[in-house]
Amino acid sequence: MSEYILQTKGLSKIFGGLVALDKIDMEIEKGRISAIIGPNGAGKTTLFNLIAGVYSATSGEILFQGMRVNSMPAHRRASIGVARTFQHALLFGNMTVLENVMTGQHPRSQYGFLEAAFRLPKSYREERKISLEAIKYLNLVGLGMDKDKEALSLPLGRQKLLAIARALATEPKLLLLDEPGAGLTTLEKRALSDLIRRIIDMGITVLLVEHDMPLVMGLAEKIIVLDSGQKIAEGDANQIQKDERVIAVYLGEEVEG
Amino acid sequence: MSVDQFLQYLISGITQGSIYALVALGFTIIYAVTRVINFAQGEFVMLGGMLSFLLISSFGIPLIPSLILAVLFTAIIGAIIYLLAIRTAKKASVVSLIIITIGVSIFIRGFTREFLGVDSVRPPFFTGDESLTIFGALIRPQALWIIGTTIVVTIILHLFLSRTMMGNALKASAISTRAAAMVGIDSRVMALTAFVIAAVIGSIGGAVMAPLVLTSYNVGVMLGLKGFVSASIGGFKSPIISVIGGITIGVIESLAVGINWGPFTSSYKDAIAIVALLIILLIRSGRLALEERAD
Amino acid sequence: MFGFVKNKWIYFLVGALLAVMVLIPFDWFMGKYNTLLIFIGLNTMVTVGLCLLMGYTGQVSLGQAAYYGIGAYISAILSKTYGVNPWLAMLIAAIVTGAFAYGIGYLIFRLKGNYLAMATLGLGLIIWILFRQLSEITGGPDGMGGIPYLSIGGFGFYTTFKRYYLVWFFCLALLLISQNIVRSRTGRALRAIHGSEDAAESIGINVAQFKVKIFALSAVFASIAGSLFVHHLRFVSPQPFGFLASVKLVVMAVIGGLASIWGAIFGAATTNILSDELLLGFGELDTIVYGLILMLVMIFMPQGLFVKLKEIIVQWRSKTTQKV
Amino acid sequence: MRKWVSLLVVLIMLSTTVSLAACSNTSETEESTYKVGAILSVTGAYSNLGVPEKQTLEMLTEEINAEGGINGRQLEMIIYDNESNAEKAATLATRLIERDEVLAILGPTTTGDSMAIIDTVTSGEIPLISMAAGISIITPIEERYWVFKTPQTEKEAVSEIYLYMQENGIKDIAIITDTSGFGAGGRAYLLSEKDSYGINILDDQTFSSGDTSMQSQLTHIKGTDAEAVIVWATDKESSIVASDMKALEMTIPLFASHGIANMAFINNAGEAANGVIFPAGKLLIADQVPATDQQQKILVDYKNDFESKYGTGTISTFGGHAYDALGMLTIALEKMDGDMTLVDARAKLRDEIEKINNFVGTGGVFTMSPQDHLGMLPGSLAMFEIVDGEWTLAP
């Protein structure tokens, strides 16, 4: 088994002639926090979607724990340990906070239509386990008090925490966080950093896409910079901050923006 | 199948398809602007036919004024439907909106039956009923009127949508209500316009086809269904594709009768048209999925 | 099923309710309504399947009456033409309908929203056309009669009185099953799909498969209702399974509140009582009034009559408890 | 919380039903009337059949009551519309039997709807006089103890057409039928009877009710060597077939079913109606029936009464079926005497209907027996030809 939890080799994605990602090679080490940054349209979210299985790659390969997962559908990847959040929390609006997290336990439980329909003992057993686990994750992100509220009645910051709890409930090995800091207050961001560190302590690898530079620099041990679908730099915070191409890209963006 | 026969099937199919197309146009324009599938579209067609019969045969009003009055009246009904039923239902889901329009159609149907009876009626032909010969195939003058009306309505609608301010506003509203609102287009006015246009097209269609295909209080059900299927083939996207969809369905049905072998017989012609729709939907679903992802 | 309820007297309430339901078919109570109540029960079964599909999973079906019809016809043909035991026929019908829906679902559930609505509508129409055209086996548009009654051992369900219990036994069983499913892992997965398919997929839910499975389940519900339908009327014809019937089923589901299992009874009852009882008083004007009611309910209570009533009661209760 | 509110609502709903039941129970039975129920397709696909039936029943009830009723009692007619829907017909039949407590049921309009309620009326032990054509409504007779009907069956209409063709030397024909109940019933007999009359069917086309053009089917027929076409459908679609044939310049004769026996067909088909040949009861040409015919008087009376009430040209043989049904019921009711329980009264009424002998109706002369619940004597149908927009006896 490889020491990398995730590797991509020559990963490309072309949308109708438009190259969104161009031969990306990257390695994500187990048990650490990595981040992908880059200006708008750099292909960060596309890369995320390829890893999570929303899109299938045009060419190249994705290895998860050394296993090729290119053609594996998204839900299968979730069950082998790839979890993710979305830019917009994408909570289940027709459920309570607790139910959202319980739903996250889906790949870690088994009972199906028949057991559910007739309330067989297996369903009781699993259901008890599911709700205990869910409460554990809610407490971890600090939403224990809100468990019976409607998910969408929470303020945005807490919705994002709930989305993380839901992803954690799938008991992942690799957690992909898509702009977890967007729309949060400074205080909330600090709490988020703490949470991410605690997640690492649980032995889960975290890979995030983030716009917020201070957040990324403070957290990530490895940073990968994308621009126009290409990887232009890779390294720790210090190395990245000094990299000329990165500076050029970001300066350009600031001038434009 | 001889060449003459083939032409005859084709012409019958095109006539039939034009009828479906006129119904499909109404579905399309309302759907494009409001995302509502208006199941009362068939009733516009019915009203056009029944009212023109009433005015011509019972009140003895000449053809042209009768048609104008019938269309005007149906347009008002279209506006009322939007203002009273669709616009009031603000938070309604797609399914609720479908049911509302079904409620509207049941209401209109019941009303017409109450006042105009259950009998099928036939308004007089516009220009007689002596068949004309085209390349060895026979066609009735009223069928030419129907085909002609379909062409003219489609062209006018196309020009209206592409060449006028109002048309552009409608198209903008169809693409994104929010974006349209930002440039000062009131989506509610656009929706109202769409309903009125749909009612006008439906009733013109109804009035033109009635001499050929007869009309009664309940013709809207079947025509509505066929028009809906035709519009589905075009994905409710553009008027021209809907017209092509309608004519495709008409021709498929007609040729199925002509083949008269295996499942391709008159007994299954409706089913064949629907199977064609399903196949097109499934093929397009693959392509739609690709488009979505490219966004 | 009532494990979640804390109020003790809910048991009393349910007991009373069940007692009422048991007593209904007696002549001195509401025996005259047995036929109406049987149809309400049958419609409830189809509607609750539709609620699972539409309300919980968010997938539209405008052709549900066709699966009701498939169950009805398979039961009728097997038990009458081939002399198969009606119970066995009913089981075969349910399995065949479920398998058929599973296969079909595999194809059409790639479609979404309005496109799915069109596809289900189209399929429903095709199946309906087959009922009419395959007259050698279905009896054509005039239908087929002489279908045997259901019986257990020597006990036959020969009267509406007995069939009331039969139908409502199945109806309550299906409602309970639905209730259990909704409140389970499976139910959460279904609701997750309704909430966001991308998010559902991201936490390991096989969205495509769940859609197809729940569609098959709803078809099985419809099939069971269809089998009971033919063994009740002892007659089957294509009429009750066409497009308008499908629409009526959707209306029942919506009036009951799509995401509400028990609302299905309410939706079916309201619609049936409306068209078979109340509107009869309007004579010729009945369709006008029906259309009007349909519009008004949907315009002012798009979430359904049942859900609206529930809200009102909840509000009223919270007001009264505040006073105390 | 949520759950028990749901339950509460169910409870409220149920209690509403109960109170509703209590309300409608108050509809008291007046001792002095004879209550009769009818289930008709007043709306839906067969409304053009159901409406004249309803009008006839209403007109006759009025007439009977104006003349003092039956045995001094008023006739109370309860008419329900089943919207051409079988399921609804069954519900309404139960309602008539158990709640309205009628003595007998007339209708339904169509074979399918009639079949759907046979079980209900049999177990409810109440006489039914159907107004639909299908022979299966009254056979097998052992299972149809309570069921009668008035219209001639499709088989008779088909035989009449084939007989006419035989006489006129027509052998090779094409048929075009509606896929709904009426057309499919006719098609079945057209196919099963053809051999006994030496008829060859060269082309067998169908269309759906609601179709707006049959040109494609007719083009196909035109490509065969058929010497005549038979259309089996109600008036609307038949008239489209007639005018499409004219449009395609098809000159072979068109035969039609008794379904076109109303003025609407002539109005809608226009010129194309001329030359169409079809079997029907003599009602259509009441004025031309010779005075020696025992039906003559009632045909003329019914036609005049109906048309003076509902307008000239509104007469149709479907209304005639209702006339015959109520006519026979009236005769049976006249035999009722004294006070009987409802169950006995229904049983007695059934026996009396079965004893009806030589009842002269619009459709023919009826003599019922335990073996025959239609009882129409042969020769009740005539062949008509439309000439200059008028019905005439076919040569």
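For reference, chains read A, B, C and D in written order, and residue numbers begin at 1 within each chain.
Heads up, the rule we're going with is that a contact is a pair of C-beta atoms (placed from the backbone, for glycine too) under 8 Å apart; a residue touches a chain by one contact, two chains touch by 3 or more.
These figures come from a predicted structure and were not determined experimentally.
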Counting C-beta pairs in contact, does B-D beat C-D or the other way around?
C-D
Most central chain by CA mean?
C
Which integer distance in Å separates the CA centroid of chain B from that of chain D?
35
What whole-Å value do you get for the distance between chain A and chain D if each is reduced to the mean of its CA atoms?
71
How big is the gap, in whole Å, between where the Cα atoms of chain C centre and where those of chain D centre?
33
Between chain A and chain B, the Cα-mean centres are separated in Å by 48
Going by the contact rule already set, what residues in chain D reach two or more other chains?
43, 179
Would you please write down the residue numbers of chain B that are in contact with two or more other chains?
113, 221, 267, 270
Multi-chain contact residues (two or more partners), chain C:
133, 284, 286-287
Per the touch rule, the chain C residues reaching chain B in their complex are 54, 60, 62, 107-108, 110-111, 113-115, 117-119, 121-123, 125-126, 129-130, 133, 243-244, 247, 250-251, 254, 258, 284-288, 290-295, 298-300, 302
With touch defined as at the start, can you tell me which chain A residues reach chain C in the complex?
52-54, 73-76, 78-79, 83-84, 86, 90-95, 99, 102-107, 109, 111-113, 115-119, 123, 126-127, 130, 166-167, 169-170
Parts of chain D lying in touch with chain B, wherever the complex brings them together:
43, 45, 47-48, 51, 179, 205-213, 215-217, 219-220, 222-223, 235-236, 239-240, 243, 246-249, 264, 267-268, 270-271
In the complex of these two chains, what residues of chain B are touching chain C?
31, 35, 37, 85, 88-89, 91-100, 102-111, 113-114, 221, 225, 228-229, 232, 235-236, 267-268, 270-271, 274-275, 277-278, 281-282, 284-286, 288-289
In the complex, chain C touches chain A at residues 1, 177, 180-181, 184-189, 191-192, 194-196, 198-207, 213, 217, 259
